[in-house]
Structures are given as C-alpha cells and as structure tokens.
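Letters are used for the chains, namely A, B, C, D and E, taken in the order the chains are written, and counting of residues starts over at 1 for each.
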Amino acid sequence: MTTKQFKRISSRMHKRAGNVGDRPGLIRVPEGALKPRIKIYSYNTEELISSKGESIHTVLSQLKKCDNHTHWIKINGLGDAKLIEEIGDRLNISDLVLEDIMNTHQRPKFDEYDEYVYATGRVIISNDDCELNNTQISIIVKDNMVISFEEGYEENFEGLESRLNTPKSPIRNYGPGHICYALFDTVIDWYFVVLNQIGEELETIEDRIYENADKTIMYDTQHMKRMLIVLRRAAWPERDKINDMIRTESPLVTKETKTYLRDAYDHCIQIIDLIESYKEISASNIDLYLSMVSNRMNGIMKVLTIISVIFIPLTFVAGVYGMNFAPLDPVTSKPLPLNMPELYEPHGYLYCVGIMVLIGIIQVLFFWKKGWFKKL
Amino acid sequence: MTTKQFKRISSRMHKRAGNVGDRPGLIRVPEGALKPRIKIYSYNTEELISSKGESIHTVLSQLKKCDNHTHWIKINGLGDAKLIEEIGDRLNISDLVLEDIMNTHQRPKFDEYDEYVYATGRVIISNDDCELNNTQISIIVKDNMVISFEEGYEENFEGLESRLNTPKSPIRNYGPGHICYALFDTVIDWYFVVLNQIGEELETIEDRIYENADKTIMYDTQHMKRMLIVLRRAAWPERDKINDMIRTESPLVTKETKTYLRDAYDHCIQIIDLIESYKEISASNIDLYLSMVSNRMNGIMKVLTIISVIFIPLTFVAGVYGMNFAPLDPVTSKPLPLNMPELYEPHGYLYCVGIMVLIGIIQVLFFWKKGWFKKL
Amino acid sequence: MTTKQFKRISSRMHKRAGNVGDRPGLIRVPEGALKPRIKIYSYNTEELISSKGESIHTVLSQLKKCDNHTHWIKINGLGDAKLIEEIGDRLNISDLVLEDIMNTHQRPKFDEYDEYVYATGRVIISNDDCELNNTQISIIVKDNMVISFEEGYEENFEGLESRLNTPKSPIRNYGPGHICYALFDTVIDWYFVVLNQIGEELETIEDRIYENADKTIMYDTQHMKRMLIVLRRAAWPERDKINDMIRTESPLVTKETKTYLRDAYDHCIQIIDLIESYKEISASNIDLYLSMVSNRMNGIMKVLTIISVIFIPLTFVAGVYGMNFAPLDPVTSKPLPLNMPELYEPHGYLYCVGIMVLIGIIQVLFFWKKGWFKKL
Amino acid sequence: MTTKQFKRISSRMHKRAGNVGDRPGLIRVPEGALKPRIKIYSYNTEELISSKGESIHTVLSQLKKCDNHTHWIKINGLGDAKLIEEIGDRLNISDLVLEDIMNTHQRPKFDEYDEYVYATGRVIISNDDCELNNTQISIIVKDNMVISFEEGYEENFEGLESRLNTPKSPIRNYGPGHICYALFDTVIDWYFVVLNQIGEELETIEDRIYENADKTIMYDTQHMKRMLIVLRRAAWPERDKINDMIRTESPLVTKETKTYLRDAYDHCIQIIDLIESYKEISASNIDLYLSMVSNRMNGIMKVLTIISVIFIPLTFVAGVYGMNFAPLDPVTSKPLPLNMPELYEPHGYLYCVGIMVLIGIIQVLFFWKKGWFKKL
Amino acid sequence: MTTKQFKRISSRMHKRAGNVGDRPGLIRVPEGALKPRIKIYSYNTEELISSKGESIHTVLSQLKKCDNHTHWIKINGLGDAKLIEEIGDRLNISDLVLEDIMNTHQRPKFDEYDEYVYATGRVIISNDDCELNNTQISIIVKDNMVISFEEGYEENFEGLESRLNTPKSPIRNYGPGHICYALFDTVIDWYFVVLNQIGEELETIEDRIYENADKTIMYDTQHMKRMLIVLRRAAWPERDKINDMIRTESPLVTKETKTYLRDAYDHCIQIIDLIESYKEISASNIDLYLSMVSNRMNGIMKVLTIISVIFIPLTFVAGVYGMNFAPLDPVTSKPLPLNMPELYEPHGYLYCVGIMVLIGIIQVLFFWKKGWFKKL
C-alpha cells in the first residue's frame, strides 16, 4: 500500500522579497534567482536574425544592426538586478514595473503606461509526478520591441520559437504585441496540459474508489485539489488580463491581435469551467470515498458482531452446565435431587448440544429475516 | 445486488488536438473523426431541392442550380480536413473559426464577423442506460446559406428536416438565420429530454432509498451528478449564446427570428433552473441515504449489543458457580464450610437459575424503560 | 412510529407536451387537461354583468352587449385547443404565446407585444397533508379586456371575484391591467399561506427533534425542502416578472396599478427572504437531528460497553477459579501443593468474591472519575 | 446538566393579518395589538412643548397651538384602526402605506411619495435570556411633521427623547427628516447591543466546547444561529433602506441629514460584516463540537475495547483449563495420560498464571507500540 | 501532547464606547486608551525637521516655524479627548470624523469632505504565538498636512519614517496624500507578514496530520480560521478604500500617488486571493484530519474486534468441555454412556485442542480472504 503518492504542494506563499515599509519600486533579486540568459530575435517578413548572450551588450549590438525589425528579447533568469535596472533606464520603465518583474509572485495582470504596456502571467507546468512548477513571465511591449522575463531556464515556448524560425510564418507579419499574445496563448495551452493530467488522475482515483478504496485516495484527491487551487488562482486573473488586453486602446495591441486574443479569452473561460467542474468532481469523489469506507467498515463490524452474538448465548448455556451444584452433600453424601438433575440424565449432553444448535439456528434465521446479512 | 448500474461518465477532458505552442488557426482532424456526409437542402417558399453526397462537388453543383434559394448545407463527420479548408477558402472564413469547428470541445458561443456569423453548441443526448453522447454542432451563416457541422452521423434533427420537407411550412419563409435558430432550439429540446430522464431516475433513486438503501444509490446519484455537471457546463454558455444572438445587430438574424430566440432563451433559463433544482435534490438524496444507512447500522449494532449485554452478567453468574472452591480439604477431608455453600443447598440450582432469570428481566425492563428498543 | 408522513413531491419535470424538433408555436393540449369553463365579467364603475358558459359564444355575445365595459374572461381548463386557437385568431395573439398558455410548465414571466401584454404565473396551493398543487395561470391583457387561463377548476381567486361583485368597489375604477395585478397579488398571497404552513411544520419538526428524534424527522424535513425548492423556483422569476411589469411602458399597465405592483414586489421579496430563511432552518434542523441521533446512539453504546467491560475481568476471575488444576495426583493421590491452594483455603470463596466486588468498584470509580457516566 | 437553556425563537412567520385575495390597502388591526398611547413633541431651537394622550385630539390641539414648530408624533400601540385611518385622511396618506403600518411584518424599506416619505424598520432587542423582541417601527415624514408608529410600549428611544429635551441640543436645529434618521440610528445601535450579546455568548460556547462539550452546546449554537437569521433578515434591507434615504431627492431629507445617514450606513455594513463573521464562527463551533464529541466517544470506546481484548484470550486460557477431560476412565479408572496432563503437574497452576500474565503483557506492549493508548 | 497551542482570538466585538441613542458625533475616550504621544515631521525636498511631545503646543510651534513644508503629525494613543477636539476645532473637522477616530472599531474606509479627506485602516500584526494585534489607524489629510492617529505605541511604520529621514528620498517630493498612501501600503505589507505566518502554520498542520493527527490539529486550524476571518474582515473593505482613493477627484491625492495606489490595489487583491485560498486549505485540512482520525479509529476497532471474534468460538468450545455432564449416576454409579464420552477418550484433549486451532486458522483465513486485515 503506497502512502502519499505525490509530493505535497506548498500552500505557503513564498516569502516576498523585501521588508515591511520598503520603498515601493525597490528592486531586489529574488532568493535563488538564476543568472540571466538572453536571446534576441530580430525579424521582419523577410529575415530573422537571432543571437544569444548573457549581458546587455548582446542586445544593444543587435538592436543597432537591425533597425527595421521587430525585436523579441527573451530573458531567462532574474539574478542580475543591474541588467534589469539598465533595461529600465534605457527604455524609461517605471520603478514599480521593474519591482513587479523581480517580485515573482504577481497575479496575472495587464498595465498600460504612456509609452509601453506591461503584462505578467504565470507559467504552470507539471511533471509526471504531478509536481507543479509555477513560475512568472513578465512582458514589456514598447515601440517595435517585446521583452519577456522568465524565472527559470525551462524551454516552455519552443513551439513559438520554432514558428518564428519558420520562413514566411504568418507570425512575422504582426507587430510585437502579437508576440505578447502568442506567449500568453502558450501559457494557456500549458494550463490545458495540466488540467488534462488532473482529469486523468481524477478518473484513476474514481476507479480506485470503486475497486479498492484505501486512504491514499484522500491524499491524492487532496493533492488534486491543491493543484486546482493553484490553477484557479492563476486562471481567473488571467481571464481578466486577456479581457483588459482586448479592451485596451494602446496601439501596441493591434486589431488583428485582438481577434486572436478573443480566441485566447474563450480558452481561458473553458479552463475556468474545467477547473470548477474538476473541483466538484473532487468533492464528490471524497464523498463517495467516505461513504465507501464507512460502508465497508460497517459491513465488517456487522459480520463480526453477528458472530459474537450468535456465540454469546451458547457460551452462556455451556457456562450454566459448567456450574458445580452438587448432586450429593459433600459431607453427608445425601442426594440433593434438584441440583442440576439434567447433568445426570442418560442423554443430557445430547439434549444440551441439541438446544445449543437450535439457539444458533434461531438466531441465524432471525438475523437473516431482518436482512442483516444483506450488504448495506 | 447490482453494482454500478451505469457506465461512468468520463470527467476527463478529451485530449485537445494539437500541441502546446501550435499556431492558432491550425486545422487538425480530431482523433477518430468520421468521414463527412453532406446533405444540402435548397428551398424557397415554393420548392425544396435536396441532395446528398460526400464531396464538395455535390454542394457546388446544387448551389449553381438554385440561385434564388436559401441553402442549408448539413455536414455530418469532421474527418476530412481538406473539405473544411476548401469551404473556408471559398466562403472566406477565418482560420480561427475553422480551428474551432475541428476542435470539438468548444463551449457554446456566438461570434460575429464582418460577413458571416459563427455559432457553436453542444448536442447532449442520452440512451436508455443514461450514457451521454456529447457532440458538437457548429454553424456558419453567410449570405443565403447556413452550414452546419456535426461530429457524428446521428439523426438528431429529423424533426426539423421533416418540417422543412413539408410544403408551405412556415419555416421556409424565413432566412438562413432561422435554420440556425431552429437547430439550437432542437438542441435545447434535447436537454429537456435528458433532464426528464434524470428527473425520473432521481425519483426512482429516492424510492429506493426509502425501500431498500444499498450502496448502488451512491453510485447512481454520483452518475446523475456527473450528468448534471455535463449539462450545466453546456447550458450556461448556451444561455449566453442565445442572448448574444438576440442582441446581435447582424442582418443575418432577423427581427422575426429574434422573437423565436426569446422563446428559446426562456427554455434555456428553465433548463438551468431544473439543473440547479436537480443538483439540490441529488445532494439531499445523498444526505437522506447516508442518514438511512447510519440509522440502519445503528439499529443493528444496538440490537446486537443489547443481546450481548443481557447475557454477560448471566454468564458471569454461571462462571461464579463453576468455580472449584472445595467443600472439603482434599488431603484431610475436613469440611471448609464457607467455600460456596450455595452449591450444596438442596435447591441451590433453582435459586441460581431464578436469580439469572431475574437479572435478565431487570435488564430488559431497564433498557425498555430507557427507550432503547425504540427505533432511532 | 409513523413513517413517511407526507406524500412525496415529485422532483420530475412533468413531461413537456410535444417532441424534440416540433415547430415552435405548435398548440398541443396538455395530457389530462380539463374541458374549459368560461366565466366573463363585464364591469364599469356602475354595473357588473357576468355570465358563464363552455364555448366562445358566451363570450362573444356578452362582448357585443357590453361595449363600454372592461371585460375579464376567466377560463378554467385548457382541454380545448380549438377555443385557444379561436381566441388567438380573433385577438391576433402570437402562436408562441398560445403555445406557452398550453404548455403548463412555464416560468413566471411578463412579455410585452405590440398590442397586448402576456404574463404567466404559478398558483401554488397546499392541502392539509402538505401536498402541493402547482398549476399555471396565464393572462393576456389587450384593449379593455383581460383573459386569464387556469389549468384547474379550483376557485383560487374567490376573494377577487367577490370584490369585483361588490358595488362601488375601488377595483372597478381601474382598467384591465389592474385585474392582471390583482390576480398575481392573490398568487403571491397564496405563497404566504404555503410558507406559513411550512413555518409551522418546521417548528413542529424542531419540537419533535428535542422531544423524540426518530427518522421521520428526516423524511419530513426532506419534504419541506422539496416544497421550498418548488416555491423558490416560482418566487424568483415571479419577482422579476413583477419588476418587468413595473418597468413596462405599455399603456395597459397604468401608473396607479404600478403603485400597487410595487407593493406586490415588496411581498415577493419578503417571500424570497422567508424561503431562504426556511432553507437555512431546514438545514440546521437536519444538523441538529443528526447530532441528536448520534449522541443518543453514542450514549447507548457507551452504557452497554461499560457494562460489558465491568463484567469481563470478573468473569475472568471466575474462569480462573473454574480451572481444574488438581490438588492431588489422580493416580498416586500425592498432594500437588501449589496447584490452586486458594481453592482449599477455609475462606477462599469469600476472599474471591471480595476481590471481584473490589474490581467492580474500582472500575466503576475509574469510569466515573473519567466522566464517562456523564451525558455527552 | 441543563438542557435547552434558551427559549426557542419561532421560525414561523407570524400570521399575516387578512385573507388571500383581500383588497390591498385594507386596514386590519393586528392580533393582540395594544391600545395606542400618543406623545407629541413640538420643538424649535428655542422651546420644546410635549404632551401625552390617547386620542387624536391631543395631537390636534397641540398642532394648532404650535404652528412654527417641528412636530414629532410618537404613537405606541396599533390597536385602534380608527386613529390610523383618521391620520391617513387628514394627512392624505395612501391606503397601502396605512396597511403597511398595521401589517407588522414588513421588511425595512423607504418609500417616497409626492408629499411625504414613508419608512419602516425593525427594532430588535434581546433580554438577558437571549429572547428576541422583534417589533416594527413605521415613520411618516410630511411637511414639518414626523409620525412614528411602534408596536409596543417599550421605551426604546429614551436616549433620543432626552437629547430632544436638552435645551440647545443640536438635534433641534434640523427638520423632521432628522428625527427619522435619529430613530433609525437608534434602531441600528440596538443591533449592536444584540450582536454584542451574541458575540459574548459565542465565546462562552467556545469555552464550554473546550472544557466540557455536552449537547446543550448544540442547542445554544442553534439558538444563536436563529438570532443571527433574524438579525440578518432585518440588517440587509436596513442597509438598502438607508442607502435609498441617502439617494432620495425628497426635500424632507436634507443634505446635513444625509451626512449623518452616511455614518449610519457605515454602521449598517459593520453589522452585516459582524453577522456574517458570527455565522462562520457558529458553523466552526459546531464543527469543533462534533469533532470533540466524536473524539471523546472514540477515546472511550477504544479504552473499553482494549480492556475487553486483553481479557478475552486470558479468559479463553482459563476456559481451557476448566475443561473436564478426565485423567482416569470413570468406569475402569484406567489412566488416560494425555488428557490434560498440565492439570496434574506439580506447578501447573503457576505456569498457567504465568502464561496468562505474559499474554497480558504482550498485548499491552503491542497496543502501546501501535500507539493505541495515545489520545486521538 | 500539547493542548490548545494558541491563545483564542476573541470573536466578540469589543464593546463600542457609548450607549444606545447617544448623539452621533459624541467623542468618548475608548476604554484603556493610552496617553497620546505626538511626533511631527516637517519636510520639503531640502530638509526634514522633526520634534516630539505630548501636547498640541509641540505641533503648533513647529507649524509656525516651518511654513513651506509638508507636515506629518503622528499621534500614538487616543487617551486625550481634549487634544482630539482641539485638532478638530482648529482644522474644522466634522464631529462624525472625530467620533470615528475615537471609536476604534471602524471598517477601513475613505471619506471625502470639502476641505479634507479622512481614511481609516486596520493595522493587523501577529506575534510568534499567532496572537493578533488588531488596531486602528485614522488619517486626515488637509492642505499640506497629514495627521495620523494610532491606538497603540507600537512602531509599525519605522520603515516609512526612516525613508523620510533619508536625505533626497523620493518620498519627500510628493505631497501629504503620498504619506497617507505610504501608511496604507505599509498596512498592507503587514497583512502579507501575517498571511505568510498563517501559510507556514497551515503547512505545519498538514505535516502533523500526515504524521500524527491529534486533536490539537482541530484547535490550531480553528485558530487559523479565526485569524483569516479577522484578516478578511479588514482586507475586503481595504480594497474598496484603496479603490475609492484611486477614483477620488480630491486634489489631495495626486496623479503620481494614484499610480502607486494602483500598485497597492494589486497587493490588496493578492491578499484577498491568499485569504480565500487559505480558507479552502483550512477546510480541506479539517476534512483530511477527520478522515484520518476516523480511519485510525476504524483500524483499531477492526483489529480489536477481529481478536475478540477469533477467541469467542474457541472459548465456547472450552466452555462446552467444561460442562459437568456426569459419566456415572452420582447415586447409583451407573454409567451414563452418552454424557460427554469425548472427555473420557484417550486423546480427547488433543483432539479438542486440535479443533480449536483449526477453528482459529479457518477464521483468520476467512478474514484475510475478505481483505479485513488490509488497511482501510
């Protein structure tokens, strides 16, 4: 019997970097942040130039080179406060935005500023053991440039990158706002992957309830509920964010991109629907499990108690005929005729055993009549 | 005792065709999709011409022939990506719409485009074993044409087709938007059929709770809850969809049709009301069942325990008089007068049995007085 | 012990007349519908003329006779499709409205058409056995005429009729819209009657819980919950309907009538408040009942178990001294001095009984000290 | 052990005066209504004249005397339909308002009429035994006059009256609308008093759960829940009423008064917050109580069962050596050497007792190892 | 085993100062209020002058001295009604505002007056024992001045004060409204600290459930729920307050400050999200705990019962062979051959023991086959 199949999902909010009363806009590197790795894609309908590096110079040199391109600067790892500050300075980004990028526990949101837009989302991915990896992606769109900041090195957006690499891919026709859309669309696709896994797991759990309800059911359902709580905390604001992006009047989000965003919005609602359905199913699985356990326990106790009860009167009868009432006075040896004469009857023992068998049969018949042998 | 009467409804989201990061608008044939069968009805107030086929040519030839008719192109089966693409090309339909048609897990929705409208709904039908068949219907209305895409070959819209076949049927007076309405009205009618079945099943379950509460109650109610979850996930967005259709300003949905849509909207709300009521009834059935089971179990345990308790003191008394305290010293044979003199009394046995009977009666009276023989 | 005091309220939706895919607006006589009985009241401030009949001719002749009166045509029974159609034709009523009149499972609603308004409500009445009678009333107001359609022959609106009969009654000063209001006001009054009954029943149930909680509590509360579900399904849309009537701009609902409707609206909200309160009370009654039953069961089991446990060590002691370890070797008759010498002590039996009493007292004291004799 | 400490709060709606279908606006004296006692305060910034009486003449004579004053006519007791009608006639008050005054089960509301405003509220007061007294206060404000109607003779507004009596009290500077505000402000203050009592009671209950959870916990929490239901049914519409008064454009509610009303509105929201918090606390108290009871019961059952189980094998051993397998054939006296030779061993008894002690110790160790002696 | 680890959080509303019917705007010193300590910071971009004192003269002298500065007057302790009144008089603050400052149980709110704005919030801090300290902070912003009133002497805003002390700190560039923002931002930061603690505690509780579920789990979860209720009661209106501040048109809240407020608003929503998640986790922890306890109890009872049941038939057999049916008539010594001949068989005892062992083995096999030794 395995116990606690899944690693527990931490319900604790990860410690926010910073102290009470800190200046808002203060940039602090989150604990355990990785050294940034930078990729830059510069593309127009004809060509795509990409380079990799670890410092801002990679970016600057390519920006200089490609002046009529759209640029996607993809930064993985937030371990370098200077880099972020430099980007903030050059692009004239508000301190509050930079703080949000570094504080990796944001709710998904979309903020519009005079010259740029800022959006953040949560990339939730699970491995085969149903362990969630919940990281932040922050995106700044300004002029002809989109900058994405990811916490980890995972290649979560390979599909998008390969589409960008494909010559004549339609994605190259759209502006930087479309990259932002495409990133969040992928984020939402990942939610479907996790939900799919949860759905399968819930089905397996239900099968196990019917077949062999042990207490790991409880742990595993608990685990699923935690996953759903994490997903829901991301999905609801995600929906609002997409909606804000659809309604924005910023020229950085074009009308064509909004058509695609509406599609992403539908997916978001589908995800929320699924989460709510799965929550209901988890709850009813638990109800079913508790009812099964209680039924089984009741069944066992009933059988055991019936066995006891059948033997108790028989044991009493045996006890009675084990009493030592004497047939003769021990001193005078005078007979004491009414002291258990049954014991001295020629076939007393047979009668006695017969009575016992009779009592047993009557009891069994009575319980059977009452329907107590039936399963509850 | 039957177990698990109904086939379980899968809570798993069927795998979405496609991978994370795929291009939106990518058309993929869903797994196990059927080869399309095409029917085309071309009608005006005077005549109705219909033909069947499996390729787009059937459609094209009839469209050419009947140029002042309204056309309903009914496609059953989505197994042919080319057909869909060709239709998309000819009618100038957005890639995203085509993707939605092929991705058969859409929520009901109504989308308005410049030259056409697109709506999708869920046809939910159940067989006698309460197995749900939940398929998608997608509808495009453009110019004088309505195209419906269904997943399966089931003839779910026979009523509508036969009305269309009837000469002078009022439905022939309306435009293609009315066909779209009529299809969704039928979809809603199917919901009533399923709900009717659930309602009857819930009543049967309640009867069974009163008469003979076994654990299949739990399974069956669970099954009903699953059915209601599926229906609710369809009915709420269905309501919003109908509402969007009523509010649209597209000329494809005429004022007359909107009057009918308002009727469909009322039906939708009735369905939602029913679903919520049935959910409450399921929940209270489970409460009732659990209380019944616990009452019955308690009743059994009480009876059994009372029987034990009545015999325990009697067995003790028998045990006491089974003790071997000796009346005479085994070696010297001197009498030991206070060692269980009762055993050597002339009527000791009778007194003893009398005391046992008395103890038994006192106990029964005491328990009866306390009301423990009453049913809980 | 009575079981299942009340007749169960059917949770099943009564089968909608008609089949999937039927033409909307198709008039079908509901199953078991009664033959219509027609009453017509024609009144103005001075006089009231009324007649009865079973065919439309009664109506027509009186309409001809009284041309400056307000007419209330009261139809009880929907068994005659022709009559309805004829009325529809003469008054130019939409097919959809006629279908709604005949389909007796409408939600309360108020629909405004160009020349008339249509409203429907649910008359919910209960008898002394808490059996609900849930029928439909449909009302059409047009010109100087109000037509009401009821399912059954019950005289639910006697109060209103007698007010109309009273000379100089203020109701005669208002137009036909006021009759419509007065009918729905009466409908709402009936809800208060039913709620009053439920309130009393819930109190009785609570008394029974405190005094003698048996399992009929569960059935009866279940019954009350069903009644509340039925009422709630009617009361919420009723509120919306009244609200729609207040906001309508149709001249058929006059400003004076709207003042009265606001009063009816307040009553509706009061009813909804009461329903929600009663639902909470039902739920907490069930909680209380379950806790009572479990307490009582626990109490019984505890007493029984304590009795067993007190006797078990005593029986063991008796068992020990019932062992047959021999004082003398059976063959050689040599004494075996350490084999149960207690049995051959002069006062062994007394000591033994004394020890038993002591064990019993210690146990009782221990359990008493632990507080196990206290009621839970 | 006290049982059912508090008098039960009736969940039954008090019977509405009147019958189904009665004319709206019909004035009926509520059952058990008291004879009216009238107080009239006429004040301006300089002076306050007050008089008492039981008939309308008291009022009329003072109104004549004081023509540049603001009047507060305070009527306690609704037992005189004539008085109400006379007031209605003289002030030209709608029949519906008069009916509402007499029908003492109104929800709090604020209605605006052309020449006057009408508001009603619920005065909820509790005594030391947590018995609620829930009466109605109705207020009409017209011209320079405010008329308040209370059901009972309780002096619930003494604070306000004494402020009015104080010379130069600021309250004298405001118009009649301010008296209306001041009355409802006092009503809200009373809610705080009741909530304070409930809060203390809930704390006491929680203490009792930790110290000595008996079943009165259940009754008392139930009682608190009922009180909260009553308060909530009053507080929510109270909030809406105050809000309506803030938004009214009637000149009878001045801008200064509205500032004060905003303060009252905040208090109302605080009350609603408290009610909801207390409901949650009640619910979690019940959860805690049920868990405590179940823990205690489990603890008792476990101890008892362990005692039984320890003795059962011992008793079996004793039973074995109580068997009468004979060492010698009874007839031939030939030895039967393998028939329980233990009984004839020199130290058989000691070995036997030793084995019993061993079995007991092994069992205790086993159970202790398993952690079964630990508290759950 | 520790019991009741945390001090209970009072669910009782602290008694509101004042009596029913008191004049609104009456200033009463709350019970146990501390003597005010005043700090005043006067700053502009160049310099910061601060002084401390206990009377209003400290303030006045500094205000005179620094006439082109922004002033923050920080008052800790509300024990001096005169001081408050004097401030109210000099700044022309409404009596209702002064009453709200002194009545330390306000909900967070933001009120706008003609010449000043007033806002109040709740500072919720917890110590290591999870005891909450829930005090009020009230803030008045007028002209170039912000006055904050705190209940206690705790230095909750040290971070802010030190930022203000830092030369060239950006905070010195903003007006008094920014200090108000900065105070509430710190308040919200404190909420994160408390939530962080709750999150960690909930995790510890969950670990304890898996490892060693005792009843302190219930107490501690209860404690967490209480903390969450307190936080939620503060956080929801806090959100509305911040929102009101963002939407205000008062010039005291500048556009720059509003940008920061939007950041605070996001934090507020994050807090509300966390509270709701933690509530769900608490609830599911309790479910899990109850299921664990019940499983463990069931497991124990099952083992115990199985042991009993195995021995009961064996004891019965022993009882049978303990019966004293005599082989010889006691008087005549005639053999009674069918009276328990087994006892006089040469190997009767061995057979008997063999049968007992067999019965035991059969039972164990039967229970094992049934799966009753498996863990539930």
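Throughout what follows, a residue touches a chain if its C-beta (ideal position, glycine included) is under 8 Å from a C-beta of that chain, and two chains touch if they have at least 3 such contacts.
Just so we're clear, the structure is a prediction, and the values are computed from it rather than from any experiment.
A.B. asks: I need the common contact partners of chain B and chain E, sorted by label.
C.D. replies: Common contact partners of chain B and chain E, which must touch each of the two, are A.
A.B. asks: Rotating chain C so that its CA atoms sit on those of chain E: what angle is that, to a multiple of 5 degrees?
C.D. replies: 145
A.B. asks: Taking shared residue numbers divided by all residue numbers at the interface, is the value for chain D and chain E over half (same) or under half (different)?
C.D. replies: Chain D vs chain E: different; shared/all numbers falls short of half.
A.B. asks: Need the CA-centroid distance for the pair chain B / chain C, whole Å please.
C.D. replies: Chain B and chain C have C-alpha centres separated by 25 Å.
A.B. asks: Can you compute the centre-to-centre distance for chain B and chain D, using the mean CA position of each chain? Integer Å is fine.
C.D. replies: 40
A.B. asks: Any chance you could list the residues of chain C touching two or more other chains?
C.D. replies: 301, 305, 308, 312, 315, 319, 322-324, 340 - these are the residues of chain C that touch more than one other chain.
A.B. asks: Which residues of chain C touch chain D in their complex?
C.D. replies: For chain C paired with chain D, touching residues are 157-160, 162-163, 169-171, 185-186, 189-190, 192-193, 195-196, 199-200, 202-203, 206, 210, 259-260, 262-264, 266, 269-270, 273-274, 277-278, 280-281, 284, 287-288, 291-292, 294-295, 298, 301-302, 305-306, 308-309, 312-313, 315-316, 319-320, 322-326, 329-331, 336, 338-340, 370, 372, 374-376.
A.B. asks: In the complex of these two chains, what residues of chain A are touching chain E?
C.D. replies: Touching chain E: residues 1, 4, 8, 10-13, 15-16, 19-24, 94, 96, 100, 105-107, 109, 111, 213-215, 218-219, 222, 225-226, 229, 233, 237, 286, 290, 293, 296-297, 300-301, 304-305, 307-308, 311-312, 314-315, 318-319, 321-324, 327-328, 335, 340, 342-350, 352-353, 356 of chain A.
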